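Below you'll find the structures, each written out as structure tokens.
Common to both upcoming complexes is chain A, partnered first by chain B, then by chain C.
What follows is the complex of A and B.
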């Protein structure tokens, strides 16, 4: 086993997982301009729905996945319609929305713990076995799938935002909500779509992360922190950038503890977050909005 | 006229108050024994949410069982969730002491949280009896800190000897980056080196981390013949075991007592096969039966120690101790057969202990010695 190859693969796996979370988070942020930290819990809800449907009830795996994606999308839409929208109608500031989203994260963490208990749960669809040897590094088939899906997401989201009508509308709302409204774009409808698509991505993340990392009620917090960091590095309003930023974060974390003591792994992520927030808050691939104004 | 009305009203009020007070005074006189049996509050603090919650819940069952069996009508248990974190533990103990007025505490569960809370217990003369904090540092926390679980100064040494005796010479350690992991790692690596073995890697991870691949990659590169996992997060242990399988690590696996948890067997499945765990007593056969009868399950990690922690405090209260200081003094005189063995606290509030060795065979912990 070559150490360099294995560390690269480890970094790519970690990055792909962060990217799955970052993509949906960034999509919702870019359209709505507030931090939907409850996105972390959307991922966890997705994972637990898959666990309930497949492992507890025994619904066939692929059907369970489809149902999970539908539930996740509805869950995201629900958080927007039942919480953010009423708050926005009361002219709540983005800080209030941010705090509300953290509240939802904590609330559902506890609800999940009440229902399923605090123990680690595993979906058990894929048997844990020694991985495949690819260029001297060991990687499991599931991990290859996770990396491929992350890269596909990157391409699809890029095309979606650039080419589709909905993507163009989203960018318009993102740039200037009032102007977009004048042009006949219903920004509430666009917000609905952003939550549906963003939470659909959370469902994808929930399924894959649930299979890869097992489930526990508190996993959402660390996932959203890493996803958020990845999104900031890549450029929080620019969705494909968030995916690339996540891969960079995963690689940086794993390469740095090659020569640093391994206790510094999370510290590296936060140091990167601070550096980017201080020096380049728009991220590597973000657009400087001030210039546009 | 107005004065008259006010006077009548005042007299009326005095009369009413007088009437109300009269019977009240009588009851206090009548129930002198009840005063003696004034409610004594005992606190419980441990993780009931977060990644270590399974330990907290298992211990709480032991505590509840002890409370039920002792049948102390005058003792009330006040429960606080400290999430196994230092800052939460400080908040919890402050609330228990200042707001609830507890005179003794069962807890904390994790070593880091116990160390954070211990100074406050000392300052307020409230004894803490931890069922599971094994860091060697807990011994030095003053006369109000007790524990019904032996120190890792003993377990680390025991584990090192066990690995060495089984013929392993190249040890790698994988430990959590907090008090428990650090303390255990120090004792283990020093003892193993003193025996003549070589410590080839010592990697750490954050409690609750589920991506331990790079630490394992480095460990694999160091070619150990045995890997010792020191963790108080079942999630992390499950992840580490599965990732060892995925990375094709073939070294023998040893685990500290925190690994003897059904959650780990359930989560890790076949990856846990063959793991050797050194563990403190999971309870006498009598305790295991009673636990089974009460909850329909065998005791979880540290349930027996939780039982004993409450029993030590309960016995002190039975002997008439009502304040924190009296309970502390009574604890130093404790001498009883508990669920985890014979309980006698030494001058540091520690118990001596023996360890059992378990091996995971066909998805179960099997006692090997």
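What follows is the complex of A and C.
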């Protein structure tokens, strides 16, 4: 019983992080219709900025967090303005944008490695705390905070997309870009905002990962694969689907150790990704017309 | 001092010419957006290494490495035949992750992250290729043969059909051609050459582990093919020389190896992004990547 509870808790914690990555990725995909694979490096950039500001320079923690979030948002906006927008202006296909985004991911991964070195870093704000016992599962206060923050953000993001003017404009662009521009919505402005908000979420994920585990430069690749897989499971362009899919992935990974050697935990995502892309590229909850166009 | 190093570089260039020209056959000529070419390279390397370890003669292992990779090529096209555009590209990328995690986790077969050390140097017809000079000659022969075969394929009527598949698949189907068959044949040929390149690589460096067959390698292959030009064999060959030699300039700066690795990756990624921004079809390219 306690194993069941522990695996569920571990799955939810992993899922919360994946879902933050997936939500930003999915938001950017829904308004721009291309795969921003470099989203993974936005998370890592966020985590390393927090490490530099808080652990190296010694700026107060909450101020460091705010600066990190601003910087991640600007980083995302920068990749859009400096890389994707010029490519789009040259009528580059989605495949070219995808390859460029993998290029950006590898570029910054190695830039971070050159600056900070390949060894792991730890932010060290939170001292190792005694875990609480919930239904027989051990969970640390930080892990509860991670789950609460991510769920709060998903609710806020949902309300933002449903109720606010900007959110509605985004959904309009996502649904039909041509029609939205006829209605006077500037889709480039919407693209800017989607990158800012999406990368803000990546920054939050970066901070939470920085608190929960050690940092290393190559973690961006695995994070975007997890986030992307979560998004594909739920439906790439559909944010609530991407969030649910990510929680499913987190749970599937953790429950897999019941019947597979634990080394295969990461492979679960690869295999699920491949299976979903082949058999159900629209995901469980998504409606996506662009898959087989 | 300089000559053994130059020989080493030329051997790597020879192996990469086979890899990139074969990738161009699928990616450039046939329009199969394959981001998983490195998986075939890895399958070839592991197949050949494990077979020769089990006592299979090198030449047989070398051929089986190609055939085995080519079977995976068929399976990949079969599995992804309904996908297009970036979804196809991602599925092939996902395929390379699946192969990578198999190499990493199937420890009973591949020894996982420990890799396979002590892969023997090739020997056939009673002679063993032990010195790097003779290995260079061996690689050069295989490389020239491979490029020649692929060149003949793309210039043949079959090659024209491949290019037609890329440019107007529907039109070709209307003319009664089975484009699925064309695609899997092209992918199988492409994968075969990647597989034998993997065998050449494994037996040259005599030690392989899964980290040779991951995303940075994909970036390098894509940079070379795109810089050289989509659907240009000449482009891929020239570009393999140029791109593999550029980071060697870093060696003269006497940087430590912990800096050299990432610095090289930064250069490859910047070359890739630069060419995509400036001339996405590449220097000798004839068509755009779609």
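To be clear about the criterion, the second predicted complex is superposed on the first by the 284 of 293 C-alpha atoms of A that agree within 3 Å, B and C clash if a C-alpha of one lies under 4 Å from a C-alpha of the other, contacts with A are read in each partner's own complex, and residues count from 1 in each chain.
Convention: contacts are C-beta pairs under 8 Å (C-beta built on N, C-alpha and C of every residue); 3 or more make two chains touch, one makes a residue touch a chain.
On a predicted model such as this, the values are computed, not experimentally measured, just so you know.
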_Combined model on chain A where chain B meets chain C, clash or fit_ = clash
_Partner chain in contact with A:110 - chain B first, chain C second, else both or neither_ = both
*In the superposed arrangement, which partner chain does A:83 touch: chain B (first), chain C (second), both, or neither?*
second
*What is the contact status of A:258 with respect to chain B (first) and chain C (second): first, second, both, or neither?*
first
_Under the stated touch criterion, which partner chain does A:94 make contact with: chain B (first), chain C (second), both, or neither?_
second
*Of the two partner chains, chain B (first) and chain C (second), which one does A:138 touch, if any: first, second, both, or neither?*
first
_Contacts for A:225 in the overlay, against chain B (first) and chain C (second): which applies, first, second, both or neither?_
second
*asked:* Once the two complexes are overlaid on A, one stretch of chain C runs into chain B. Is it 170-178, 188-196, 206-214 or 278-286?
replied: 206-214
*What residues on chain A does chain C touch that chain B touches too?*
109-110, 113, 117-118, 261, 263, 266
*Would you tell me which residues of chain A are touching chain C in their complex?*
34-35, 83, 86-87, 90, 92-100, 102-107, 109-111, 113-114, 117-118, 221, 225, 228, 261, 263-264, 266-267, 270-271, 273-274, 277-278, 281, 291-293
*Report the residues of chain A in contact with chain B in the complex, numbered from low to high.*
1, 3, 6-7, 10, 13-14, 17, 109-110, 113, 117-122, 124, 127-131, 138, 140, 213-214, 216-219, 222, 253-254, 257-258, 261-263, 265-266
*Residues of chain B touching chain A in their complex?*
49-51, 53-54, 57, 177, 203-206, 208-211, 213-215, 217-218, 220-221, 234-235, 238-239, 242, 245-248, 263-264, 266-271
*In the complex formed with chain A, which residues of chain C make contact?*
33, 35, 79-80, 82-87, 89-91, 94-95, 97-98, 100-102, 104-105, 107, 112, 215-216, 218-219, 222, 226, 258-259, 262-263, 265-266, 268-270, 272-273, 276-277, 280, 288-290
